[in-house]
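Got a structure here, written out as structure tokens. Questions coming.
Going in written order, the chains are labelled A, B, C, D and E, and every chain counts its residues from 1.
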Amino acid sequence: MTLPQIFFAYFAVALTGLSLLVVTRRNPVHGVMWMLILFIHVAGLYLFLNAEFLAAIQIIVYAGAILVLYLFVVMLLNLKKIEKERKFQHIWIVGLLVSVAFLTLLIPLLGKFSVYPPPGEYSVERINSEGQIMTVGRVLYTKFLLPFEIASLILLVSIIGAVVLSKRKLN
Amino acid sequence: MSGNYIPSHYLPVISILAFSVLVGLGALIAGLLVRPRRPYEQKLAPYESGNLPVGEPRYRFSVKFYIVAMLFVVFDVEAVFLYPWAVAYDRLGLFGFVEMMIFIVILLVGYVYAWKKGALTWE
Amino acid sequence: MFETINMKILLPELILICTGLAVILLDLVLRKKETVAFIGVAGALLSAYYNFSLMSLGWSGAVFQNMFVLDGYSSFFKLIFYISLIITIFISLNYIKTERVSSGEYYSLLLFSASGMMIMAGAADFMVLYLGIELMSLSLYILAGIMRERRTSNEAAIKYFFLGAFSSAFLLFGISLTYGLTGTTSIIEVAEALNRLGPAGRNITLIAVIFFVTAFGFKVALVPFHMWAPDVYEGAPTSVTAFMSTGPKAAAFAVMGRVLFYAFGALQLQWSAIIEPLSIVTIAVGSILALSQTNIKRMLAYSAIAHAGYASIGFLPGTQEAFAAMINYLMIYIIVNLGAFAVVVIMRREGIMGEELSDYSGLAKKNPLVAFLMLIFMFSLTGIPPLAGFIGKFYIFMGAVEAGYTKLVIAAVIFSAVSAFFYLRVVVYMYMKEAAEPSVLIVPHSVKLVLAFTSIMAILLGIFPSVLLDFARASLLG
Amino acid sequence: MVPLSWYIVLSAVLFSIGVFGFLVRRNLIMIFLSMELMLNSVNISFVAFSHYLQSMTGQVMVFFVITVAAAEAAIGLAILIVFYKNNPTLNSDEINLLKG
Amino acid sequence: MRDGDAIRIDIYRWIVSGNFSVSIGILIDRLSSVMLIVVTSISSLVFIYSIGYMHGDKGYARFFSYLSLFVFSMLMLVLADNFLLLYFGWEAVGLCSYLLIGFWFEKKSAADAGKKAFIVNRFGDFGFGLGVILIFLTFGSLEYMKVFSGAGAALGQTVNIFGHEVDTITLICLLLFCGAMGKSAQVPLHVWLPDAMEGPTPVSALIHAATMVTAGVYLVARCNPLFSLSSTAMTTVAVVGGTTAVFAATIGLVQNDIKRVIAYSTVSQLGYMFLALGVGAYSAGIFHLYTHAYFKALLFLGSGSVIHAMNNEMNMQKMGGLKKYMPVTYATFMIASLSISGIPGLAGFFSKDEILWRAYLAGEGSGRILWMLATAAAFMTAFYSFRLIFLTFHGSFRGSAEQEHHLHESPAVMTVPLMILAVGALAAGWVGIPPLLLEHGDRIGEFLAPVLGHPAGEGLHSEEMMVMGVSVLVSLAGILAAVIFYIKKRDLPERTASAFKPVYTMLYNKYWADELYEKILVSPVLRMSDKVFLGFFDGRLIEGIVNGIPSFIGSFSRGLRKMQTGLISSYAFMMAAGMLIILGMFFFF
């Protein structure tokens, strides 16, 4: 078992365990906390896939901003009532069946995934030589300009939406 | 080769992280195992510097907290887009600059809108 | 680097986005809220003018390393989006006043959703396509829930948001698999890579196709993925429902066509084998469930589902001809549906929701013109000969029969007969039933314009079908 | 040598757990979290592909997926709050005003 | 008309569809000219008569409009030059008879009688219609000229009816005769004529004596080229005619209603005419029709004035001794009865004797029986005619006192037509005096020969004298019997009636013909229609389909609606399940 395989095994087990924990916690706050640890592990995995900048962003945006947003919303609820309630649907067996079926159907098929297309030019060495952020920056603002502009629109729409919906009296 | 890439220059970071977590958890677990367990009502109540606890332990947040958090998320993402731009600025030249200006302007409109709608006022 | 020449290709979208921004900012400043709407319409018309002048000048082509393309295919769909956008704005002028919805955000979100749709139609890259879908959907989630005080609108927004996010997760998984298989996200290159690969990655491609069909099935509301549509259409404000059931549905068809037809052309047999059962079950469920509805918006929702089923028949033969029949069908369906919703919007008066079928009883007594127009729309939706609906269905069925899907067409015809029942029930309510206190409807000028346009088009397209059909065929080849 | 398929299987597993959470949980926020989980699983597969195919498209795609997730979270939670104000519950099996 | 040619005028082309073309055309030849004389003369007299008779009736105008409509259609029938126009006239006449029988529609019995007449006629017309169609099929055209000229060619053809081959010509003739039977009230379809007496008496006189009922005879005569080709058809006509003659005569013996007696006598006389046609003596049949029209119309109008005087009292038993009150009616009535009974010198004798002679000549076996039947009928005719006279005019008045003092002779407008008809009844016969008595006496025979041809068979003079003698003897005997029964020994009728109780009751209720039809035909059809068709088909089958399916779809759609639970998780579940099914479909099945 080579070192990368050990690391991958750790990450795989950690990720699945944490996600199961996130999904099955009764109290949403616990769920969010486990989610935080999950995101950190995902960031770690990105490191192993030579995507340091993404790992940073994962921590900053996902763990830092979005989870905080969730926490704020969770704070709005009265957790006492949620504690006592069932956490699963009546027919949760059906949900379990579907996701298990999902796994059994996809895994054998996806398991046989081998690298098909010819390797691109951004090999690991090239990225590291140039620096992660530099490569991402160069690629993002030349090749992927259009999605970048659309992303700004999406952010604008989310601002408008959030303000329209949550502001009580719009003066 | 892409299969067995190890981010060697991050190993120290990872090792420190792992070590700190171990120390923290170790202390907690050890305490858990060793200490006696005799809980009674008052001990479990949240500590409010001596006087009787009043109301919910966790009072409900109002909406304005949410709005601030939401604006933070959006502008945080905007900032994240700025990092690679800043790093690769010299390679992009005028074209990159114009792109980013469009991006900034669009989000500026969002900011002006939020500001005018009183989302930022913390009444 | 800054390819100035082909930036023109993006001009229509840019104009629309600038109008959106202008609407947001002006709304903060202006007192009279209507001007905002007219700016929106002006922007849409300008963008439409540029789009079609570019097309006529032959400026079609790709831009941004062919991530975005302006061709006949996307401009036909853009025509649908312009019509849908402009008519929705006209419809909602008066409507959002009665519903006390903040007009600035409403119109800007409409414009952003429309620009999202146009990006979808023009996208030649999966990434742009995904972001276009997200832009459109996000603005629609908000529009669905924009009537904050009404519980139905809230619930509609919740349902639309969660299930929309669920389906976009499936879409992303599909995109990741295709990216894994072909190394690119550009549709043309994916097609080339698949041809090169041949049978090697066939299984994985098939899974990717199934994920795509699921995601688009949701947006288009094919049967197993349709369940959100009736609730959201009923809950959302009527003008938003009008917009939702026309523009975004057509955009979803555009994207579905683009992905399945161009990217996964090699697997045409497989995905038409998937879509065939879906479309016939969609027609069946849509028609049968509409029978027992009492709320007209929910009935129109099920009829929209059924029409999505009819249109999806156009996918099956996989030929240009059937595809042209499909987009022709969509255009006709969109126009007639907008007309029908325009009437539903007028019914919304102070104190009366006007959504129950019983509200329509005795309509013909006091306002015969409105009742007659509604009759035209209902007849056209059923597909009765002189009107456009029949033409749409006729060509779709023609294409399918030529390709050998006779059993499917027979079933579809039977269900369109079943559908006649609930469409004509509305007419029966209007003409045969007595109204407790029939009141005269005040029809605002803008809605009058809309009703005129839609009813005339419903009749004209019925009498001169070749005009639209040739334009559809040309735009597919062009 | 860690083959690519392992990463894909891992992302598929996470995706299924996300689907499980979506179908089974009652509380809307937990459904939200499971959706984030599904998006993350897709991100993992994207980064894995980008690494193994030695192309940057995957990473940029993850970039945009994260922005969309952020936007979605903002809007989704806003909708949630507005819904919570008008309705006493956030349990998905009690939201059936519109049905039939 | 003298030189035997026919005038044929083609007015306009009526129907053209494919090779079926029919035009409105008039054919006036010798046969139709005779018919024209009969129809026009009788109807004009009846018109004059009914001015008086219908005076004061609130439906006065309506009556005359129906009557003139009737005459128009009768003329159309007679003048038609093709079968379709004939059929049109045939139906129109049937309609007018229905309208006129049911003229006093407030009276239920009148309305029922009208309906009965029409329905029974329809039975006949059904056969007649089939005949016309078959004619078209075999001859390719309905024109008389083409059909009769092509008759020879079509001799051998056969038609496959339910498996076995039937000779076309015979089938056509039988079908046409079926129509004739309906219209001329022959045995199976005679039931409507006695009930038709519900109509006003002028109607009975015109329609049910002279014109409409003779249409059947005219039809058979007109189609004589066809009939003569088929011996079976000829014998059926003769047999039916003969039996009807006897059958109706027997019933006439015991009837008490004055108009019904005359009605049965009409049926019996028609039987005579068909007997003549059956044996091939077409001209004799037509001659008898010609003479019969006059004296039968006279009898009817006479009885009309009697009823008019007795203010609508019909029953002979309540009359008697009217001789002194109504001398003119009595005199004309006496002439008519003498003529019908066949007293030599009067019209009846010549035409009936000609038929008897032809029947006798017709053939050894069947001819003889027919001749005997005819003579028996002649005896009975004489008997009931004079029974009628003695009961109504002779003896003492048996009516109520109030009727008695009201008795008066009919006004001139009614009595003048009686007198004219009386002249007709006298003189009509002289046209056809048999060659035996007068060299060229049988002028009407020669006159009709080009159209109807000469009857076959030449008997010896002695046989003809014998037949004539027998017929005279028989009629005198009939009159004598009537005198004995009703003048000399008043109680004799009651005694014989009680002696032959069963025979009497059978005759009195008209062989229970109506009741028989009711049981065999009418009630089973009614029962069948409401129980089987209404009950089963209509009730369960169609009802089940028509609103069975929508209710099923409705309930199915309500069921399906429950699937739409409104819960986000169930929607998401449907999506995921849908996708799994598709995945499974492709990879695991």
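Following the convention adopted for this analysis, a contact is a pair of C-beta atoms (placed from the backbone, for glycine too) under 8 Å apart; a residue touches a chain by one contact, two chains touch by 3 or more.
All values derive from a computational prediction rather than experimental measurement.
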Going by the contact rule set out at the top, which chains touch both chain A and chain E?
-> C, D
So which chains are sitting against chain B and chain D at once?
-> A, C
Just how many steps, at minimum, does a route from chain A to chain D need if it may pass only between touching chains?
-> 1
Chain of greatest Cα-centre distance to chain E | B
Chain whose Cα mean lies nearest the overall Cα mean | C
Is the number of contacting C-beta pairs greater for C-D or for B-C?
-> C-D
Whole-Å gap between the CA centroids of chain C and chain E | 78
Taking each chain's centre as its mean C-alpha position, how far apart are chain D and chain E in Å?
-> 97
Approximate Å spacing (C-alpha centroids) for the pair chain A, chain B | 14
Mean-CA-position distance for chain E and chain B (Å) | 113
For chain B, write out the residues touching at least two other chains, lowest number first.
-> 2-5, 63, 66, 70, 73-74, 76-77, 81, 95, 106, 109, 113, 117
Going by residue number, chain C touches two or more other chains at 1, 24, 127, 131, 134, 138, 141-142, 145, 148, 158-159, 162, 166, 180, 183-184, 203, 207, 230-231
Per-residue multi-chain contacts in chain D, two or more chains | 1-4, 8, 15, 18-19, 22-24, 31-32, 51-55, 57, 60, 64, 66-68, 70-75, 77-82, 92-93, 95, 97-100
Hey, which chains are touching each other here?
-> A-B, A-C, A-D, A-E, B-C, B-D, C-D, C-E, D-E
Mind pulling up the chain D residues that touch chain B in the complex?
-> 1-3, 51-52, 54, 66-67, 70-71, 73-74, 77-78, 81
Within the complex, chain C is touched by chain A residues 106, 109-110, 112-113, 116-118, 120, 142-147, 150-151, 153-154, 156-158, 160-161, 163-165, 170
List of chain D residues in touch with chain A within their complex = 1-10, 12-21, 23-27, 29-30, 32-34, 36-37, 40, 43-44, 47-48, 50-57, 59-60, 62-64, 66-75, 77-82, 84, 90-93
Chain A-facing residues of chain E, complex | 569, 573, 576-577, 580, 583-584, 587-588
Quick one: in the complex, what on chain B touches chain A?
-> 2-7, 10, 14, 56, 58, 60-61, 63, 65-67, 69-74, 76-78, 80-81, 83-89, 91-92, 95-96, 99-100, 102-103, 106-107, 109-111, 113-114, 117-119
